[in-house]
């Protein structure tokens, strides 16, 4: 009877999934020795600071060394480095969740800090701009076109769109991005080829915003194009399937306008599976953002992820970014699951 | 002769591709003389009786290739109306229906009350009401069909089969139509619930003067409510008459066999079956469509379509055996 | 519905026929590649820069000449193994090698190079002189080379350049440039006093100077026509001189052009085809095998087996794939088989969930209940009643999994996580992108691999779509009621 | 093998010994009623019934009455939680599935849906041969003979033509005869026919019933005929058991049940059956009111008391009536008949 129960069940199960992923992540890190290395680098970082502090008071190098050794032992036992990785598991888990992963090797936040959490969190909004905008655009266009097609099944446009859907599934987002750069940035010079702002960026807020819009256009078009095709297809197929149900015939028999039958009956019933289609598309969009940010040099988490592999890989950054991506995904999933439950009274029990 | 409430003449409905044209409704004529009467259309599955009810509601599929004949309601010809006029003025407001397959006939994500009141709120025309009036009218029709008012806020999956069927009936009554078409309204229900619904229909018929077109495969069930019965076979009406005439004095061989195939409780004689199976509507036998299954078929039956023979007032049957001088 | 029905559906729809046609072409090409390319093509040839030294760098395909007004020089390789003339005079032999080529472009070649191999001498080191005879009958002596003499402790005969060729890039060699300058100063009187800029050497060799006072530097008009390269080797008559190769570096190359390292993209792209098919089909087959087995086990055996498999599938099906894929490949390494295994690890759940639901459906079906009533064994029920019902779906899913795997590998490669020992289309694209190729418009480097990925993926999608009518009962045309 | 069996059947068909004996049988389903809560649902509750050799026993009831569950239980397709099941004198309540093979050869089922119960990719011959293959009967010519015999028995002729065709070329009635042929090809002693005619065209239902009666006559098969249709059942059954909410509420000969129903529920059922009589439309039919109770929250006392028109008051709301014999082996579970004697399986056979 209560709507809360299914909501709770779905949210809880996703939270469980989240923790299981996290747990597996930490186990992988521990078992392969990555967490050892990460912690050791934190210890070394701390020691360097301590050494410069101590060097002012202790002049004797031997004494300094022995004090340092003591400090090292203290620190290692503080970080539990003297214990096996599986003993440290809970600690590591908390460390990952709180993004307490020390400092980045060779990356800095725009404001100069080397703390991994700062670097990652600084990029988060940039990624969100791309993701949410393209997600919304896809949803709106997909719904409109998919619904339109469902009322014209078998038409020329319908066939064109079904091929478009297949191509859109077959095209790697990043490659499409490259093509768009070649075409619109290099050949026709309509849009900038990458980055978030021109250099130097405009100072006033309105031109600055416009500059951002210009830079965001190509990446967003890319993300929309690759996820739109399959989504239109899902909307269309779902709507056509629903349109064949008996209750639609009942609605028509009532002498209601076709438009009303479509919106109040067909689309209303098709909406839960359409939300499921969005959930499926979410994985693609999130993965796509990593690649798209790379292609368009967009200063988001995806670009950052690419950079951490490009040079000397930075374990701390990789863990942090994987974690934040997973978190984003799970949060988005929970929102969509809640929508699903609200839309479909049948799942309430 | 005064004008009938509904008079259907030579109705045809064919659909499908030209190569395998399905002749679902073939030269069908029916009439309901006045309100408070019930006409039964009885026939086996695949005889086109569901297509007939859809044809009366002008609920046409894209694949329809022929839709012709005359449907007059109180003397007014409906076939010449535009689709929009028909939808606004006739469908559901003057002729409504309870569709077949009650289990899926309700929208699963809308509350029953909202589905019942929908035509009052969203259908253009004189019956358009305020939300408040719609709720009041919804409660009224729910009471008419024996449901309590709190059912209005339930979703279909929270209702039993009988409740859904009553809900659909309430929905069909919302605009106070003159005629209501019931397409196999009880076939998915248990006997006791079926009997409840039949009693309800009788009450609606007598108390509110509702005219009913009752489409069913079950002659016994039809006898429960129908004043007139038309027997459908292969898209045609092969015999029509009052309930007494059809049930007590059937003329067409098909009607006769249909009646003896009904298992009954009272008679100790076991029912008999009709050999063979009904024909495919896209590949009908020549002449009389029943001749391949008819024991008394004459040579002419396979060659020519039989004439309609009057066997009494209002009692008509289409069969060569009834012709005065059967040819051949 | 049986397999016959699927196949007949494939051939009935246009997209199915197109898909089968492309697939046939792809499989034929793959067989050709596997038969003609060495197994270790990736590590021994593709990623070995010395293999690609005599190729033009970042050259577009030859056929661009057909569509642009300017015709750019084509790549010419002249191999000389037998001397054109041989003169023995006083204990020394002079071998004259020569070869002709036509320079027809307004643009000079991107480079000139010469290489010798397998020289064996007995006493004196052979001397080599290389000159170019121009269409204006002037001869430029480009280069003189004396093969390295005997080392201490070395015994005759002395073998040189047998392991690796001796190669000189003529257009950037200081001595060559000096020689060219000398040539112009002696052949064209007006040239004296003018500075000779080494940057214009290529234009100079294939052009005639224009002297105008308005210009502060000499310019050259292109000199097109027949050129002749002459190589004179003076050596002991007993000495062996191996084949020589002169390369006139084009600005366009082959059918697909070259990348920044001069690699022939056609070869790389060809080799990528069987690899892409291997990744796609391999991952899809494994996924289908694991997914179907787990799905049937989960649905038919039930109980705790079902619970374990379903929970596992739930978790894997609910994760953001790409970030974790990247993470895993980064941790465990980017060998091709590992990539395939990780792809399988991420893709089995959807199939297992689908198969399980089908098994549950068929398990309670009247058909299976009948088999149980008849006393059929569980094995017979699973193989004869349950598996045949799921088989078409498994097959359709398998076809659909192939493009997914190919695309996933390409994405990983594009992020630099591909298996470096095996060139894939994704890796070629990655190099094109990372070297900044797209910003200077190296379209032939980034378009074809992407197009190939899309075409391959499309082929399987077409096949999957044409089977959808069979496997998705909701899409089957229903008769009107 | 078949010859000896036939003889055995002939000898026992004259006497009325019991083939299937059901004693206090209970079948339970668990229904998930909440996040962690499961509630048992008794689909068959404390049922005792004897199915006599060579006769037809009909189980009649509305949907949800447990008649199908009971039928499946007698075939050991479901495991009882309590009670015993004897087949030909042997207790098979707890026999493992692998040891049931000899029983499976003697007990068969005919299904409701002739479209879903025949494998569409097998020829008719293969479908009917399948039971013979499973039980390793004869060589291929012997099997061919038996399949053709079965096809002849169900009047699908010529057998070789029918045998080589596929199910899609047959009508519903013909398919149902195929499934009957399949169930008799092993010459079983016992057949459960679950709504075997409800999906066949109304006009040819009696044809199938006549066929089954004829087969019973020839082969001495014992039928358990499950149906919601008393009108047809009375022409096939030797005994009718009326079920309501998992219990047998009345048991008697068709004549007793139809002409002299004792239980108010049976009376309601009989009254609800329409007869083709033009006078019907002038009077209301006496009917059982309301809907069956929610199986998860059953009423106390007699399960029918909330709908009963002849309710005696507190007795019916408190005490559960047990099946008792009134006269001439006519048994009823109702407080209206206090003089009946307790159900004794030996009395009512």
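Going in written order, the chains are labelled A, B, C and D, and every chain counts its residues from 1.
Here, a residue touches a chain if its C-beta (ideal position, glycine included) is under 8 Å from a C-beta of that chain, and two chains touch if they have at least 3 such contacts.
A quick note: this is a predicted structure, and the numbers were derived from the prediction, not measured.
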item: Where subunit B and subunit C overlap in contact partners, by chain label; value: A, D
item: Pair of chains joined by more contacts [C-beta pairs], C-D or A-B; value: A-B
item: Chain nearest the overall C-alpha centroid of the shown protein atoms; value: A
item: Interchain centroid distance [CA atoms averaged], subunit A/subunit D, Å; value: 58
item: Inter-centroid spacing, subunit B versus subunit A (mean Cα positions, whole Å); value: 57
item: Subunit C and subunit D: spacing of chain centres that average the CA atoms, whole Å; value: 71
item: Intercentroid distance (Cα basis), subunit D paired with subunit B, Å; value: 34
item: Subunit A - residues contacting subunit B, complex; value: 245-247, 249-257, 260, 264-265, 268-269, 272, 343-346
item: Subunit D partner contacts - residues on subunit C that touch it in the complex; value: 1-2, 365-367, 369-377, 380, 385, 388
item: Residues of subunit B touching subunit A in the complex; value: 57, 59, 87-88, 90-93, 96-97, 99-101, 104-110, 118-119, 122-124, 155, 157, 168, 171
item: Complex interface listing, subunit D residues touching subunit B; value: 62-63, 171-173, 201-207, 210, 228-232, 234-235, 258, 268-278, 280-281, 284-285, 287-289, 291
item: Subunit B - residues contacting subunit D, complex; value: 38, 44-45, 160, 162-163, 190-196, 198-199, 202-203, 217-227, 242-244, 247-248, 257-259, 261-266, 270-275, 277-278
